[in-house]
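Next up: the structures, one after another.
Two complexes are shown next, each including subunit A; its partner changes from subunit B in the first to subunit C in the second.
Entry: the complex of A and B
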């Protein structure tokens, strides 16, 4: 009785909120039409706002103090040198020539041997074969050296990240206070788009392998901490309590109970860290990371899709290789029983044999040229590049309707109107509208926070560019949600569909966002829509998975009751499954927004304009540096606004 | 605060545990008597253990029972400071547990106390034998010695041959045998068992109860046994304490609880227990009515009625009840029938 009343009341409130929302939108649209074009705060690309100038001056001052400022002399410079020597050490192992020689310490054949040994030792023959084949693939694509550089950079960053992140993660897993202290940083790290990290770091650590490594570490350490802490906190409490009850010290409980039990999660964390580091290393080419990122950026800049595709494909191969070889160690079966003694013995022999092969291959690679340097005549980069370009021409001419047609449809139907609304109306109108929407969705606290952050964006002088970016983010997220919910409902309801589709989602999630830009550029040309399409493709896996899991978690009894009442499938979906998984949908929308934002700003490379473009401009033109840094700040502020509104919206009933 | 009983193995006085923002303020206050939900609303606190005092004699099996949420687990954890009590004092084997330092506490946990958990709490990544030897291991006992001891308790609890298995390879009942063995491995003076059998099937539960009775006879430990299963409590307990909302409402022998429940809550608890399984002849003995035969067989007053009834029926006349040879009265088959019929209503 009383719950029915409460339900009814919430329903009325929800309906009220919907009407309120519609009313606000209508009022906003009408006012925007009336005042169109006024107070838009447009700032020409080549001009700096006063704030931009001030940031530029600060940046210049920081740069000037590089050899005098104690912070540099005693912290930034030594840190850079330490990291730099580590990176260079790893690079000379596999990627760049040792001084006085033309080859690295280990040539290509030796690397193959080492990889085979490591992957075999941590998993099985199937994965070893796969890893070796993928690695050879990068060589065949003519990308061996760049690939080795990317791997060297990734490994260095991962080793440092684990060295710092694991202890902190364990600590945060054990102590509430440490977690409370770290949590804001961890949360923030999840929002900050990769592009935003780069310029500030280059300011303090110069451009080059070292600063790229440090940027990568800053990006991946929070991931290590988060997963490790989660692994320890997520443990079943009773073994831990039992251990304490038997008089273990804290250290004994950690070493004998918590760490062994959390091992699988921690390995999973290592896997995630490797993948995050890889994707960051690729984009860190912008601040001088050697490796596969460079060719991609060059190709994107001159719009040579073919060349970009070759390097991008190499990244994909490396990504799959690293993912498979690190996740192979994660057992799918949750069992602690080790294999039998016989099996262990047999395996030891095999591993030893593989070790022998590795040693032999290293020896060969150091003594024979064929094993040291990847053979020049095995190089398909030209062929692949040309074939790609031919296909792109075909796609953009013959498949016109599928590519350009779709692009124009979305652009005219959604993108342009929304951009007019957000970017062509007076700034205070937009701020007010967003604040009211934040109020409706998330409540007073978020509304106030949004206003403050939006005003800060206005203060940077980049309001209009922010609105351009926001437009793309909203459009991309809408489309992502439509696709993600459709596919998510499908695979949430059908195990068959799940089995068929999930591997693609998993694979899609491991690829760096940067890589997706290349085919999208090929299909849609250098436009705003390309950034949107990339954002969609990049965020679909995570959104779809969240939706599918939400649908799956709806209690079976609810669905069965609905079916027993004679509901059609459509009714079951719309009246039971979707409403019951509302939380997952909102979480998916939040993740979608954040993922899309990260990618859309990279779209600055392919003509998407907005804040991302300004960041890139800032890193290439010294006089625009202040504006680039400000744009990074604006992206961050926008990200926080989006995240806060979506998060509090998701938390509310 | 009243004195501790120096004879007792465990002596608890005025023990409190309050969860919440301001736990101390609640001690001995009027608010502590409020029902849980109201207290939560008013102060944001939960009084999980409220002013509890009791003594457990050496080798006694002391059962604590109560509904879910009545504070049983919290109470037993306070005794060994797995949860720090808010107020009160606990003496175990003459030592003031709440005053000892951490290293002494660790030593006591390693050698004198042990605990068995509802969800077993086995270490999934260790073999059975290494689970059982864990307390010895953290106490620095050499591998050979601790494995030898572990093997002894493995045999004691009937797990011979399973030492090299992993917990996940065992059934629930066997896993809890590992839990028992682990608790016995250090030859503790006091064992705490928190609903050790609640997660088991009824049949296996019965086996395990018999096992505990057997072990108690063989090794004779002082036990604090938590359960919410009344028949388990009756079977195992020398004395039973009944908890409600954190406080002990009655504490007595099984027989007295059935015969003289302190209030409606306890009576409600006891309703499902067949009285004839618990009450003894003493509670039925009465003076013979005129004309009743007084030459029936004699039974001791402490005989449980259920065990006496076949004899009464066979005798075909009232039996005589005596305590230590002193006649108390007679019991007829009609009396027994009345008792049984009375509880059917």
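Entry: the complex of A and C
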């Protein structure tokens, strides 16, 4: 009985909150109409605010001190050189020629042999075949050397990330104090769009493989720490207690009990780290990372979709290979039946044979040209690139009027009114409105935090640009949620649809957003909607998956009961499945917002304006560097506001 | 003998074996091993290696536009003929590249459009301004040719307001859309609009691709577009664009511009690292002597755009202009 009363009470509160929300929006809109165009804090693109000037001066001072300042001489420069030589070392192993030679230490055939051996030794023949096939695929695409560069970069970044992240993660897993200290950084790292890291890093580490590796590390270390700490904390307590009661030292308990038990989760962490590092490939190319990112960025500047797609496809192949190989290491050891002595013997023989093959292939690749350099005539890049260009040209010209119509509809019906509301109102009105909405959704703490952060954005002088970006983020997230919930419900309810669609979601998650930025440009022109569409495509996989998982986790009995009561499918979805998976929906919305923000800012490349454009402006015009860095800061602050409001909102309901 | 071969041992033994293989054939890399291969490419390789002693290893910054690629590729081919090792490094222009010169990872910028924006780096000494490369850059605002035919007086900037509403889009807030150049390029659109009291709204494009897309759609679909562009650029071969005229230019640094006059003709500048200039290397001589014309550059750029490999397109030009090239060798 009492739960029913509580339910009713929360329902009343929720309805009251909804009315309050509507009231605030109406008041906001009417005040905005009255005061439109006043105190918008618009700053012309080519001008700096006082804050931008100060940041610019600091940046110039940092640049000037590069060869004199002790911090550079004793810290940044040596660090850059160490990481740079580590990257170069790995690159000469598999990617670039050793000096005085025309091939790397190990040629392509040798790399195949090594990969085959490692994957086989850690999993089984099926995964080995898959990994080799995918790797050969990158060669067939004409991308062997770039792929090796990318793998070398990823590998170096992952090794450094694990070296730093694993110990920290274990420590955070054992000590509450360390976790409390690290948590804000871990949270922050998940919010900050990758584009934001680059300019400050280039300032300290210049551009090149070293700063690209450091950028990748900053992106992936938090993931290692988070998952490792989770793995250790999530352990069943009794074996740990047993171990302590039997007189083991802390170190013994860690090494003999906790780490082995958390092994699966830690390997999952390695997997996630590899994928994170790989997803950084394209962005890292903006600051000089060698590898597959280069052709993709280049394709953007010379508007060649095909070339970018070939490289993007190679990224996807590498991603699938690394993902399946690392997760295979976890999956294949689950059998409960201990293998027979015969099976063990056969397995050992096979592993030994595979090792022999690896050694042979390395030998061959160092002594015969065919095994050293990927054969020139096996190269389909031109064919794939031309076919892609033809297809995209055809699609953009035929669909143009359709896509333009859709773009205009969204722009005039949603985008422009929302932008007017956010960016054309006096700034204090918008701050107040966002704060009150934060108060209603998330409570007092979030409201106060939002006001402080929004005032900080005002202080940077980039208020109006921030509101332009926020508008795009909100519109893109709305559309993403509509599509994501529709598809998510569908594949959550039908296993067939799931099997058919999930591979596309997986591939969509690994395909770098830059690859489809140009086709989007062809479809929608240099507009804000191009950025929005790219953001939608990028965030749909994660949103759809979360929704689908939520729908699947709704207890079968609830659904069956509803059907037995004569509910239609529509009723089952709207009255049972969606309300029951509310948590997943809110989580999906939160993730959607963060994913969209990450990509909407790269819309600055294609005419969407806003903060992303200012970041680009800052990195290419020295006198605008202060403004670019400030824009990065504003993106960061905006990200925290969005994330906090969405998160606390999800927790409260 | 019983060796336990689980995966960990297996990987360890592989590395041992790997070490053995590598040490066994250290010094006997493919160069030697491949001499059994009769492809001939290796002999060529050793030939260049032999000359390489006289000429060093240099890194050319590769900026994204095709015209730039043309110049960089010609220098690369000529440098390699001399036996230098020339690396092409793709990276963003301006600050990024100047930083790279200071860091020692770039030696040559083939053409820089920004009048003097490198001064801060030049003052610190590692970056050296080498002089003009002979190309003359001309920035301007353009419309598709069909608009100039339909509205002949549109090419005079004074008449732009009359046509402002033609350029209105859902992006431009009730004004005409003024598509500004990518970041990094010299742009004074906001000043021009203010000075001429033009009823236009600046839209920041962010990349050359966005501008090319804008003009391609404007020409193909006969839509209106007013956008920033620049010569030399191979796009002018493919699309018919017409320049909007402002009163004659009277400024060279953008901060001096009041927005009432046109963009300047800017001679494009060669930039090098102090290392290269001080080295007395043959490639330094070539780079210092090298000059050519917009027509030269466009010829190669057009070939590249048509799908020819840049190295091949550049070699074609070199072979046809051997006397000019020999003049650079000093």
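Going forward, the second predicted complex is superposed on the first by the 561 of 653 C-alpha atoms of A that agree within 3 Å, B and C clash if a C-alpha of one lies under 4 Å from a C-alpha of the other, contacts with A are read in each partner's own complex, and residues count from 1 in each chain.
Keep in mind that, in the parts below, contacts are C-beta pairs under 8 Å (C-beta built on N, C-alpha and C of every residue); 3 or more make two chains touch, one makes a residue touch a chain.
Just so it is clear, the model here is predicted, and its values are computed rather than measured.
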item	value
Overlay on subunit A: subunit C relative to subunit B, clash or fit	fit
In the superposition, subunit B vs subunit C on subunit A residues touched	C
Angular separation of subunit B and subunit C about subunit A, which is computed from CA centres of the superposed model and rounded to the nearest 10 °	160
First (subunit B), second (subunit C), both or neither touched by A:411	second
Which of subunit B and subunit C A:184 touches, first, second, both or neither	neither
Touched partner set for A:256, first subunit B, second subunit C, both or neither	first
Touching partner for A:243 - first (subunit B), second (subunit C), both, neither	first
Which of subunit B and subunit C A:122 touches, first, second, both or neither	second
Least C-alpha distance (whole Å) that remains between subunit C and subunit B when both complexes are overlaid	16
Residues of subunit A that touch subunit B when the two form their complex	236, 238-239, 241-249, 252, 256-257, 260-261, 335-337
Residue numbers on subunit C that touch subunit A, as the complex places them	5, 7, 10-11, 13-14, 17-18, 21-22, 25, 28-31, 33-34, 36-37, 39, 42, 45, 49, 64-66, 89-96, 98-100, 102-103, 105, 117, 120, 124, 169-171, 173, 179-180, 182-184, 187-188, 190-191, 202-214, 217, 220-221
Contact set on subunit B toward subunit A in their complex	80, 82, 105-111, 113-115, 117-125, 134-135, 137-139, 166-169, 182, 186
Contact set on subunit A toward subunit C in their complex	44-46, 60, 63-64, 66-67, 98, 100-103, 105, 107, 114, 117-118, 121-122, 202, 206-208, 285-288, 294, 297-298, 300-303, 348, 351-352, 355, 358-359, 362-363, 366-370, 372, 397, 400, 407-408, 411-412, 415-416, 518, 521-522, 525-528, 603-609, 612-613, 616-625
